[in-house]
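First chain written, first letter: the chains are A, B, C, D and E, and each begins at residue 1.
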Amino acid sequence: MATVVWLTLQLAAVVTVVLLVVSTPIAWWLARSKAPWKEVVGALVTLPLVLPPTVLGFYLLVAFSPSSPLGQAIEGVFGQGLPFTFEGLVVASVLHSLPFAVQPIRNAFEAIGDRPLEVAATLRASPWAAFWTVAVPLARPGFLAGAILGFAHTMGEFGVVLMIGGNIPGETKVLSIAIYDYVETLEWDKAHVLAAGMLGFSFTVLLAMRLVERRLGWGGQTR
Amino acid sequence: EEALIAVAANFTAAARDIGAAFEAEGGHSVTFSFGSTGKLYAQIAHGAPFHAFLAADVARPEKAEAEGLAVSGSRFTYALGRLALYSPDPDRIGTDGAVALAADDVDRLAIANPVTAPYGAAALEVLAALDLTDALRARLVQGDTIMQTHQFVVTGNVPLGFVALAQIVGHTDGSRWLVPQDLYTPLRQDAVLLRAGADSVAARAFLDFLRGPVARDIITGYGYGLDDDGRG
Amino acid sequence: MRGETITAAFAGRLGTFALDARFEVPARGVAALFGASGCGKTTVLRCVAGLTRLPGGVLRVGRDVWQDGPRFRAPHRRPVGYVFQEASLFPHLSVTGNLRYGLRRARQGDDDAAPPVAFDEVVDLLGLARLLARPTAVLSGGERQRVAIGRALLSQPRLLLMDEPLAALDRPSKDDILPYLETLHDALAIPVLYVSHDIAEVERLADTLVLMEHGRVRAVGPLADLLADPALPLVRAPEAAEVLDAVVIDHDPAYGLATVAVAGGRLVVPAEAGTVGTHRRLRILASDVSLCRSPPAAGASSILNVLPARITGAQPTDGHLVTVVLALGADGAGAPLLARVTRKSWDLLGLAAGQPIHAMVKGVALVDRP
Amino acid sequence: MATVVWLTLQLAAVVTVVLLVVSTPIAWWLARSKAPWKEVVGALVTLPLVLPPTVLGFYLLVAFSPSSPLGQAIEGVFGQGLPFTFEGLVVASVLHSLPFAVQPIRNAFEAIGDRPLEVAATLRASPWAAFWTVAVPLARPGFLAGAILGFAHTMGEFGVVLMIGGNIPGETKVLSIAIYDYVETLEWDKAHVLAAGMLGFSFTVLLAMRLVERRLGWGGQTR
Amino acid sequence: MRGETITAAFAGRLGTFALDARFEVPARGVAALFGASGCGKTTVLRCVAGLTRLPGGVLRVGRDVWQDGPRFRAPHRRPVGYVFQEASLFPHLSVTGNLRYGLRRARQGDDDAAPPVAFDEVVDLLGLARLLARPTAVLSGGERQRVAIGRALLSQPRLLLMDEPLAALDRPSKDDILPYLETLHDALAIPVLYVSHDIAEVERLADTLVLMEHGRVRAVGPLADLLADPALPLVRAPEAAEVLDAVVIDHDPAYGLATVAVAGGRLVVPAEAGTVGTHRRLRILASDVSLCRSPPAAGASSILNVLPARITGAQPTDGHLVTVVLALGADGAGAPLLARVTRKSWDLLGLAAGQPIHAMVKGVALVDRP
C-alpha cells in the first residue's frame, strides 16, 4: 500500500506541476492573441474533458501504442513507450486535466488587462520579463485554481490512468484504483479507510495551497 | 522471476488468494492487474506488457489467440461463473427464486450490463427462460460490472439482483437463490498465455498452478464451478 | 541633444476620434501639451511611448528614429519614463517594489556607473520614506501619484512623458516636485513631454507649448510667444499670464529682493541670494498688471515695479474686461507683457494701441529655481 | 441511440445550469466572506473531485439509499428516491462537477475587487441589486469558464452517472456510457463514430459559448 | 435642513494611519475638506458614505443618525452621491448605463415626480452627449471624471461627497461645472462635502472649511474666518486670498461693472446685469492687494478699487514677503482682507499693526454665479 500512496503523491505532484507549465503558454496565448480563430483552439483544448476518461484513455492507448507512428516516434526518442509507464500516466493525466488549468489561468491573464503590461514596457521590461514579473504574479489566483483543480482531479480520476497505466502495482497502480478495487471486491472497510485517508490528505493539501497563496498574496484589493 | 497477469475484475479476490498460494510455493512471484475484460483486452491489443490474461469470457481470449496476441494453444477454461439471485432481505427469496422474481413489489431488478458483462447476458437468459422478460424489462437496473450490480443490491437501492455467486459465497446474510445451470449458457472464463509472456517461466508456472489442485480448491471455494471437460 | 528635436506626426482614427497631430519640439527642456479634455493629449503620449501604434506615424527623437513606415521600436526599447494619467501602480508589489522595478532594469545596461537619478534622492524628494514597505492598495490618491512619478524617474529615462503628474497633489507637494523636475531637464538634459490642465504649472515649467484642439495641433512654439499671441485663446483665459526671461543683476540681502533685467525694463522681485548673473523665469499674470499714464510717486505705494511700455494690441475679454498686450520699454522694443483692465478703465484712461503707458506690476514671481 | 443522445444533452444542459445556480452563492460567499474558516469550506467543496467517480457514486448510492435517513427524507419529500432517476444523475453530476464551477466563479468575483460594489452602494443599490447588476456581469468570464468546464465534464464523466443512474436505457443511459460500452465490447468502429459525433457537437457548443460571451462582452480592457 | 448640521466624529486606525476627525458643519452649502496628501480626507468621506466603518464613530446628518454606537446605516441606505477620487466607472456599462444606474434607483422611491436633477440637463452641462453610447474603457481621463460626476448627481443625492471631482478637468470644463454645483446646493439645498487641493476652487465654492492635518481636524469654521486667521498656515500660502460677502448696490451696463458693498467699503467689479440687490461672493488674492498711505489721484491708474482699512496683523512669509491682515473701513470695523507686500515695502512705507492704510485692489472677481 505504501507504494500505491507514494505513487499517487508523485503522480498528483508531477501532474500538477506539468499541468501548470503546459497550460501557462496556452492560456497566455488564448488571453492575449487577437487571432479570430483562437477560440477554436480554446474549444479544442477543452475537448479532452468531453470524452469519457476510459475512452480518452483508449484513444491515447491507440495513439501511443508501439504500432502507431506517434508511439514509434516516442519510443525512438525516449527509448520506451508511454503506455503502462509512469510517464504515460503523467502525459495522459495532464492531457485530461488540461482544461481545468487552462481556463482559470486564461481568465486570470485576461483579468489583468493591458495596463500593467504597458507600464512594465515603459519601465524597460521586455515582453518576456513583463510576463514573469507582472503577468504571472498578478495571475496567481488563476494558477492556484488551476493547481487545485488539477491536483484534485488527478487524485480522483482513474479512468484514463487505468486505461493507459494498466493498474500495475508499484508502477501505475494509484490510490484511486486501489479504493475502487476494494469497493469492487466488497472490502468496504478497507475502502472506507483509504477513502478517508485520501480525503483527509487532499483536504490538507488543498487548504495548504490556499493558505500559502494568501500568505504570498498582495493582501486585498485597491481601495 | 515475476509474472504479470491481467485478471478480470470478478476474479479479483480469488486471484489474490491463488497468487499468495503460488508465491508460497516459492520460486516465482506474481503481480495482478485487475480490470474489466473489455478494458484489459483493449490494453493487450495495444501493447500492454501482461504475460497472461484471465478473462471473464471465452470470446476475448479467443480473439487474442486469433489475432496473434496470445500463444496459440495456451487457452483453457479456469473457472465457470455461477449466477445467483440475491436480496439483502432474508425473507424475500424462498426456495424458488422465480416466485420472488414474479412478486408484485419487485419495483427494480439489478443485472449486470448485458452488453459488456457476461453475467448480465446470462441474467437476461434466465429471465427469458422464466418468461419474465416482458414483465421485468422496464424495471431493470444495469450495473456496469457484476460488482456494481451487487452494490446496487447491498446498498438497499434495489431489492433483488442477479449477482455472481463468488460475491456472496462467504456471506450468510440476506436470501439467495442459486440459479439452476440449465437456465443460462455456462459462464466460461478462459485464461490464455500472451505473447509478452511466451518466454516467461513464471507466467507459465502460474498458469500451470492455476490448473492445479490448490488453485482449484480456492476457485470452488469462491463459488465458481470448474470445467470438468476442460483441457486443464 | 542640444539643437536636436523631437519630431512627431501621428494620424489615424481611434473609434470615432480622429487624431492628426504633427509637431516638432526641441529635444531639450519641457514641451507642454495643452488642450481641452478629450483633445488627444494622452493619445499622443501613448503614441510616443509606442503603446498605441498608428500606421504611418513618424517619430524621431534626436538622431533616433522610433517610428517611420515599417520601422517601429518596441515600447520596452524606448528609454521613456511614463507617468500615466492614472497612477497604475503594480498591485502585487510594495511601494519599494514599484520604485525598484524600472531601476533594476535601467541599471542592467551599465552597472558600474551610479544611475543619474538615485533611489534615496527620489524617495526623499517625493516624501516616500514612510510608505516604502506598504502595499500599494492602501495608498492615498496623492501618495499613489508620487510613487508613480518616482517609478518613472528611477527608470533613468532619456525622455519623460508625464500625463498630469501633479493633478492629485496638494500645493506644497507640487512646490517640492516642480523644482526637481526642472533640475532633471536642466542638469540631466532629459526632455519632457508634459500634459497639464493647469496653465500656471505650464507657465512655470514649459519652454515649448503644443496647443491641441480636437485631435489637431493648433499651434506650437516657444511658451512666451504663444502666451501673448492675440490670435490664440490663451490671452482670453482668466489666468492669462506671460513669462519673461530675466537676468539677475543685483541682490539686496536685507529684503531678499533682486533686481532683474528683462528685455525692455527692470523689475524688483523676491529672490534668493547668490544668484546674480543667472537667467531666471518670471511669470506675470495679466490680472496682476495695471496700467497708469504716469508713474505714482515713489514711496506712496507698495507696488515696487512700474515699467514704461507701449500698447501693441488689445483683446476684449468676457464683455467687460480687456486684455492688453504690451511691449516693454518706452520704445516698445522689449518683451511682451499682458495686462488685464476693465473696459471702463480702458475708456477712462483713453487707452489705444500704439500709446506709451506705464505698467504697474503687482505680484511678480520667479517661477523656476536657482 | 436517439434517446441516449437526447438524454445526454438534457443532462449536460440541466447540470450546467444547476451547477451555475448552485455554485454562485458558494463562490460569492467564498470570495467575500472574511471568516477565517472559509478556506476550510473552500477545500471541502473541492473534495468531491478527489474521490474516484465510481467511489463517489458508491457513497452517494449509500447516502441516498431508501434505507438511509437522507434517502428516506428525500423520498418523503419528493415521493421518489434519487438513485436510478434522471434527477439523481443531475444531483450526482452537480456535486461532482461543483469545484469546476466554484473555482472560476470565485476567482472572477475576487477579481472584481471592492470598488465596483462600493460604487453601487453609493448609488443606492442594495447588496442584492449590486450583486445582480454589478458582480454577476463583471464576473461573466468566470461563469463562462465554469459553464464550459461543467458542461464538458458532464458530457464526459460517467463514473458517477453509471453508479447512481444504473444505466437504464431512456432514463439514465447517456452517451459516454454508450461509447464506453462499445469500447469494452470491441465494437471500436461504432465507438469511433459516436466519439467523433460527441466531440464535434461539444466543440460546437463550447465554441458557441465563447463567441456568445464575446458578443455580450464589454469589449476589452481599460486603457 | 436650514439650521441643521452634519456632525461627524471618526477615530480609529487603518494600518499605521491614525484617524481622529471630529467636526460639525452646517447641513447646507459646501464644506471643503482641505489638507495635505495623505491627511485622511478620502478616509473621512468613506466613513461618511459608510464604506469604511470605524467602531465608535458618530455621524449625524440633520435629524438623521447614520452612525452611533451600534447603529449603522448601510451605505446603500444613505442618500449620498459619491464622486470617488478615481472615476471608478462600471466597466461593463456604457456611459449611459453608468449615468442611469443611480437614476433608476433614485426614481424608484417616488416615480411620478420628475427627479430634481434631470438626465438631459446633466448630460448637457457635462458635455456628455457625444459620449453616451461609448464603452467607458475608451474615455479620456477628463471624460471619465465627468461621467462619474454625472452619475453621482443623477442618483438624486441629499448629500454630495466629492473627492477632487475636478482634478482631471481643463479650466473651461471647471468653469462650466462649478456654477452648476453652486446651483445644486443653493436651489436644491444639497449639502456638499468637497475635497480639493486647489484652494482657488475651495475659495470659490466653500462656505465652511475643515482643515485637516495628519488625520486630525486642525480647524473648522466659516471659510472667510479661517482664510484670514494668522494662526493657520493658509495666510502664508502663495495663493492666500480672502472671500467677502458682497451686496450688489448698483450696476453700470455700459461697462458691465457693478458697485458692491462689503462690510467696511465699496468695490467696483465686473458683473452681469440685473443682479442689483443680490448677495455675491468676492475673492481677493493677497497678491492682488497692494497698500499705499494715500489714495492715488483719480484717473491716474487702471486700479478702480482703493479702500481705506486698518492693519490688524502681519505674518512674515517666505523670508522677504509679508502677508498683511487688514480690516476694511477707516475705523477697521469691516471685513478682513489680506495683502501681500514685500518686506521692503513694509519697511519703506513704515507699516505697523493698528495703522490706517489704503488697500489698492487689483483683480477682484465675483466667484459665484448670479
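Here, a residue touches a chain if its C-beta (ideal position, glycine included) is under 8 Å from a C-beta of that chain, and two chains touch if they have at least 3 such contacts.
Computed from a predicted structure; not experimentally measured.
**Q** Which chains lie in contact with each of chain A and chain E?
**A** Expected: C, D.
**Q** Using each chain's Cα centroid, which is most distant from the centroid of chain C?
**A** Comparing chain centres, B lies farthest from chain C.
**Q** Farthest chain from chain E, going by the mean of C-alpha atoms per chain?
**A** Looking at centroid distances, B is the chain farthest away.
**Q** Measuring from the mean C-alpha position of chain C to the mean C-alpha position of chain D, what distance in angstrom results?
**A** Comparing mean C-alpha positions, chain D is 59 Å from chain C.
**Q** What's the distance between the Cα centroids of chain A and chain C, rounded to whole Å?
**A** 56
**Q** Using CA atom averages as chain centres, what separation in Å is found between chain A and chain D?
**A** Here chain A and chain D have centroids separated by 19 Å.
**Q** Calculate how many whole Å lie between the centre of chain B and the centre of chain C, each centre taken as the average of the chain's C-alpha atoms.
**A** 91
**Q** Please set out, as single numbers or ranges, the residues of chain B touching at least two other chains.
**A** 39, 42, 148, 151
**Q** Multi-chain contacts only, two chains or more: what residues does chain A have there?
**A** In chain A, the residues touching two or more other chains are 54, 58, 115, 183, 221-223.
**Q** In chain C, what residues contact two or more other chains?
**A** As it turns out, chain C has residues touching two or more other chains at 42, 138.
**Q** Could you list each pair of chains that touch, in label order?
**A** A-B, A-C, A-D, B-D, C-E, D-E
**Q** Which of the residues in chain C come into contact with chain A in the complex?
**A** 49-51, 74-82, 84, 88, 90-93, 101-102, 105-106, 135-138, 151-152, 155, 161
**Q** Could you please specify the touching residues of chain D with respect to chain A in the complex?
**A** Residue positions touching the partner: 39-40, 42-44, 46-47, 49-56, 58-59, 99-100, 103-104, 106-108, 110-111, 113-115, 141-142, 145, 148-149, 152-153, 155-159, 176-177, 179-180, 183, 191, 195, 198-199, 202-203, 206-207, 210-211, 214, 221-223.
**Q** Per the contact definition, I'd like the list of chain C residues that touch chain E in the complex.
**A** Residues of chain C touching chain E: 14-16, 35-38, 42, 85-86, 130, 134, 138, 140-143, 146, 163-164, 167-173, 175, 197, 199, 237-239, 252, 254-257, 268, 270-271, 285, 287-288, 290-294, 296, 299-304, 318-321, 339-349, 360, 362-363, 365.
**Q** Which chain B residues qualify as touching chain D in the complex?
**A** Listed in rising order, the residues are 36-39, 41-42, 60, 63, 108, 110, 113, 115-116, 140-144, 148, 151-152, 155-158.
**Q** Provide the residue numbers of chain D that touch chain E in the complex, in ascending order.
**A** Against chain E, chain D makes touches at 115-116, 118-127, 129-130, 133-134, 137-138, 140, 218-223.
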